[in-house]
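Next, two complexes with chain A in common: one pairs it with chain B, the other with chain C.
Showing the complex of A and B:
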């Protein structure tokens, strides 16, 4: 004769397996993840599924039944000169920004590390400030400085007897005008991240190396760089992502010009979402391609860093 | 002896470099600042001069007296949207993070991967279809379209979960013996011990909402009271092409809210970068 409790227990075991206490708070668990789960499903996953489905159909025709076209939309977008060019521009921006920003912030982090007084604290506080400024506001400030008629840059050039620069007429200067504000916005933040990486390296590593007679180059190659692999990876992927999805600065500074030399993928997609001549499915196929590149890049680095830091623990 | 001299030289060089960097960082803002007080005839006048010859408040008057847009209302609604979003975002993401860190439930691994993977989807990829979804839900041109879609974030859940995994378990055991429920533990204990990550994530959520541009442009079209501040600045930039002082005044005043917040939380944020260095 089984007691009531035994019956209940065996029923519970049938439902949840032998670990009868393991899931005793399962309901609370579901309740606590429910809001995030629902919001992410409605506003991220469903839009993504719709986008993927649409990228395989032709929505240009206003027919009742949309036609399945396979990879045609992807072929069309990859055959679009502007879109391909926007990717090439983004790669160029990304290469320059990653290299210059890494070099600048890594070097400046060393300066910060060697300064232990109040001035150092003050400088660390101030250099973060541009990170608070949006691309739109930064573009306004730099448009003011590069104004053709009487901005700061051209004022100096004219006073020196040189020709003024029109950033929206010259390919090289247009690109510079997009890259420089980007560097300005992120420099302080990236320096602080690098600084955090530097001060996390135990001092005795360097002391031991000094005793062994190692010079600064050897210390850099054998201690600093290996200890900061994660910081470098995350900074690089952050810079790559923000460069490849650049939008506000080229949108306001140059609007992609001249001759699409500062057109970026996001700016291209933004302009074409309203373009009635191009099927929105084609534009969406382009947006999916952006995800495949940027998202995959992020995912690979994210999991590489995670597995490495779990090994470290 | 030699070492201390070279240290002093290093220190001096460091101070010089830091001062140069400081000037470069502050220069664009400082250069633009007095031009808000310049008349339209003076703003691009050569030779260059930093301070206006004739101080005027005309630009501010224009910004505040626009017939079809209300600047202060835009700053206010942008700040309100950002503040509400910070609270909702902290609540929703911290709750989920706590469940993933501490509670066993069937399917946990699946839900974890599901939510984490949303963080690799760029906003631009789902921009157009998200607009379809919010339009289907009747949210266009309401305050909710600005707030709700961005509240849950895979990255923020991940960030808080990492933090909670480092919290020792005995605190909960003690609380459970005292008869506190799981939800009680979360609300009474875990929200109090995570001030530092809450400030860091809260600030980053605030900034992403306050500075957002693309999403409001796509979703707020007719309701000018809800025009977000960056959207308004861009509108002013195309409207007052000949009067750059007006655009500058609007831009510079929009920086006051984030700067004030930063001054307030600065200590947490600069220290927090060593914790949040992962992003």
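Showing the complex of A and C:
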């Protein structure tokens, strides 16, 4: 039996002829991707190639001859304790944020799924709003809340007879101060992604499982979680990438402190770019390393959490 | 309808262009025909500073006979480095730009600026004070002309609050650490924490990497973090232990707030607002007091050398001389014309332009040239600011040292050590136990930085 696609192709071939159809299709396709291709080439591919080349030189803008240094810039940045520490911090942030955000958004998606009335629509709209706020605005909001002298949180603590918290003088609270706004910003979006996943699971599965006497735990393990693999993959990749490349929140909330406990790789590179005694190529080498490591970790996630379609294939 | 659309588009373009021009902060009323245009990039500092520099350069441009024209821009401090690096990469760098003394060496090392020895008259360099000269000379060449210097650590105090607390400040110029602690203890009674008030603001950890260098030199007897030739780390010493103890005393006894939203450069605001009775900051605070609070507040504020371990009449170095100098880009097409502009702005025989600047600054910037200093000394400057402030700041500047020029990561490590000790102290640990637990790690990190950057034996100020 012919598939739908084969039927459609033969219809077009009859109408336009095989070659003509192919030509027309190709032109439209190329024309449609051309703007994106051009912009990506100008703003991504060319700068990336230049950056990779520069990372192998001791680049000085006014030098007559740029000195090739091989992997020295990479060795230098990898030998820098602050850079390595920033990766450790980022991995810690990523682990906490991915785990907590997955649990929170997955749990809240169940609440949304069971909110059938008009309040459900309102709640879905409200929780999405933080996602539209920039990290800079979020940092300012949380800075006001955590201000040592007159912030809301410290005001409550003082009223309760407790000591105020100085986030820039306490390693644990500094990390919490970076993680909480990050969770708040992404909570709505991730909950809606999970919610979309949940409502896509056919009800028949649950009804059949109920008839077979399955409890909620069995349904969760055998129906919900396997059906949601693609949504988890999307969420994990997004959270992992954003956590490892965090910049504006630690920059504004703690400036990487106290004592580099909230320093992230991108924040380190931003600060190190101003290390005037070092060639900017060292920073570029660091940026390429960040890109490679984030890419590699995402690849690991892709392989570890096999997508539904690949399983089907 | 089409016309309206065109007008709309034109207006939008006009607004955008005007906005861009305004954002760049430049001004250009056009050069005389055939004139050499010299581009100058300055930092976007305080309003009064930008205004007086604009006025000085506009006055230069009014003369249409010299065949020279200044095209200037003020660029925010945050974006200056990036803008300059991009312009140098693209071949559009300005002829003249401002460089901090700390960053001057990197410009020399990167060959991005010209030596000025043959471009400016020898008399301009001879007129420089020794403390200014040492900031701009590398390998025996002058690479910049000092526009201003600023001692980065001065102690300001509120006379009324000290009197209320019963603190005798008649000998404040000679105070030791112990005298400071005793004063802070008394000040606690009139500066209650539950009202958001504290005895003092010291060196915050964000800026302490450079702001404490004068105090570090005072404690060590001259060097900061490394020996003079950069071969030996001097942090594991009694001098730095005393610095750690100083921090532990201030934070552990609640003399300073655990954290504070006002940065080191602006701490004078909290002093004037009565939130603290003593504040450390730089000489630039004089201009802030006079511009924003006026003479009445000035009468109630004193300025003194910061306390040291032993105190005394002659404390020696207690501050670094920071500040700004003018340089000529190595690829300037008109270096001779650029040199003429530097002469007008800072280095020439006619000192009217720099004099105007220092007057507008309420003499909060110390003067790098002997001839200008003599003229100012001969003037009655009492209307600009209290004369005792100028005496104090002048004395601090005379004994101040240049900021360190090795990679700043070393200073970050040392101040990170101090911050960690304070965190431990606030958690109930003793400062010495914290020191013992952390010092080896810091020394090992500094050693790695020295090796990675090839610093040992390469202090350019010794070559």
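Convention: the second predicted complex is superposed on the first by the 259 of 313 C-alpha atoms of A that agree within 3 Å, B and C clash if a C-alpha of one lies under 4 Å from a C-alpha of the other, contacts with A are read in each partner's own complex, and residues count from 1 in each chain.
Please note the rule applied: contacts are C-beta pairs under 8 Å (C-beta built on N, C-alpha and C of every residue); 3 or more make two chains touch, one makes a residue touch a chain.
Fair warning: this is a prediction, and the values are worked out from it, not measured in the lab.
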| item | value |
| --- | --- |
| Partner chain(s) touched by A:80 [first = chain B, second = chain C, both, neither] | second |
| Partner chain(s) touched by A:280 [first = chain B, second = chain C, both, neither] | both |
| First (chain B), second (chain C), both or neither touched by A:58 | neither |
| Partner chain in contact with A:147 - chain B first, chain C second, else both or neither | both |
| Chain B versus chain C as contact partner of A:166, first or second or both or neither | second |
| Chain touching more of chain A, residue-wise (chain B, chain C) | B |
| Which superposed partner A:234 touches (first chain B, second chain C, both, neither) | first |
| Partner chain(s) touched by A:260 [first = chain B, second = chain C, both, neither] | second |
| Residues of chain A contacting chain B in one complex and chain C in the other | 147, 149-150, 280 |
| Residues of chain B that touch chain A when the two form their complex | 10-11, 14-15, 17-18, 21-22, 24-26, 28-29, 31-32, 35, 43-48, 91-93, 95-96, 98-100, 103-106, 108, 111, 114-115, 117-122, 124-130, 132-134, 148-152, 154, 157, 181-183, 186, 207, 210-211, 213-214, 218, 230, 233-234, 237, 244, 247-248, 251, 254-255, 258-259, 262, 266, 269-270, 273-274, 277-279 |
| Parts of chain C lying in touch with chain A, wherever the complex brings them together | 81, 85, 88-89, 103, 105-106, 109-112, 196, 205-206, 257-261, 330-331, 405-409, 412, 416, 419-420, 422-423, 426, 445, 448, 452-453 |
| Interfacial residue positions of chain A with respect to chain B in the complex | 16, 22-23, 25-26, 28-33, 35-37, 39-40, 42-48, 50-51, 54, 108, 111-112, 114-115, 119-120, 123-130, 132-138, 140-145, 147, 149-152, 155-156, 158-159, 184, 187-189, 192-193, 196-197, 199-200, 231, 234, 238, 241, 245, 247-248, 252, 265-266, 269-270, 273, 280, 283-284, 287-288, 290-291, 294-296, 298-299, 302, 305 |
| Complex contacts: residues of chain A adjacent to chain C | 60-63, 76, 79-82, 147-150, 166-171, 255, 257-260, 274-278, 280 |
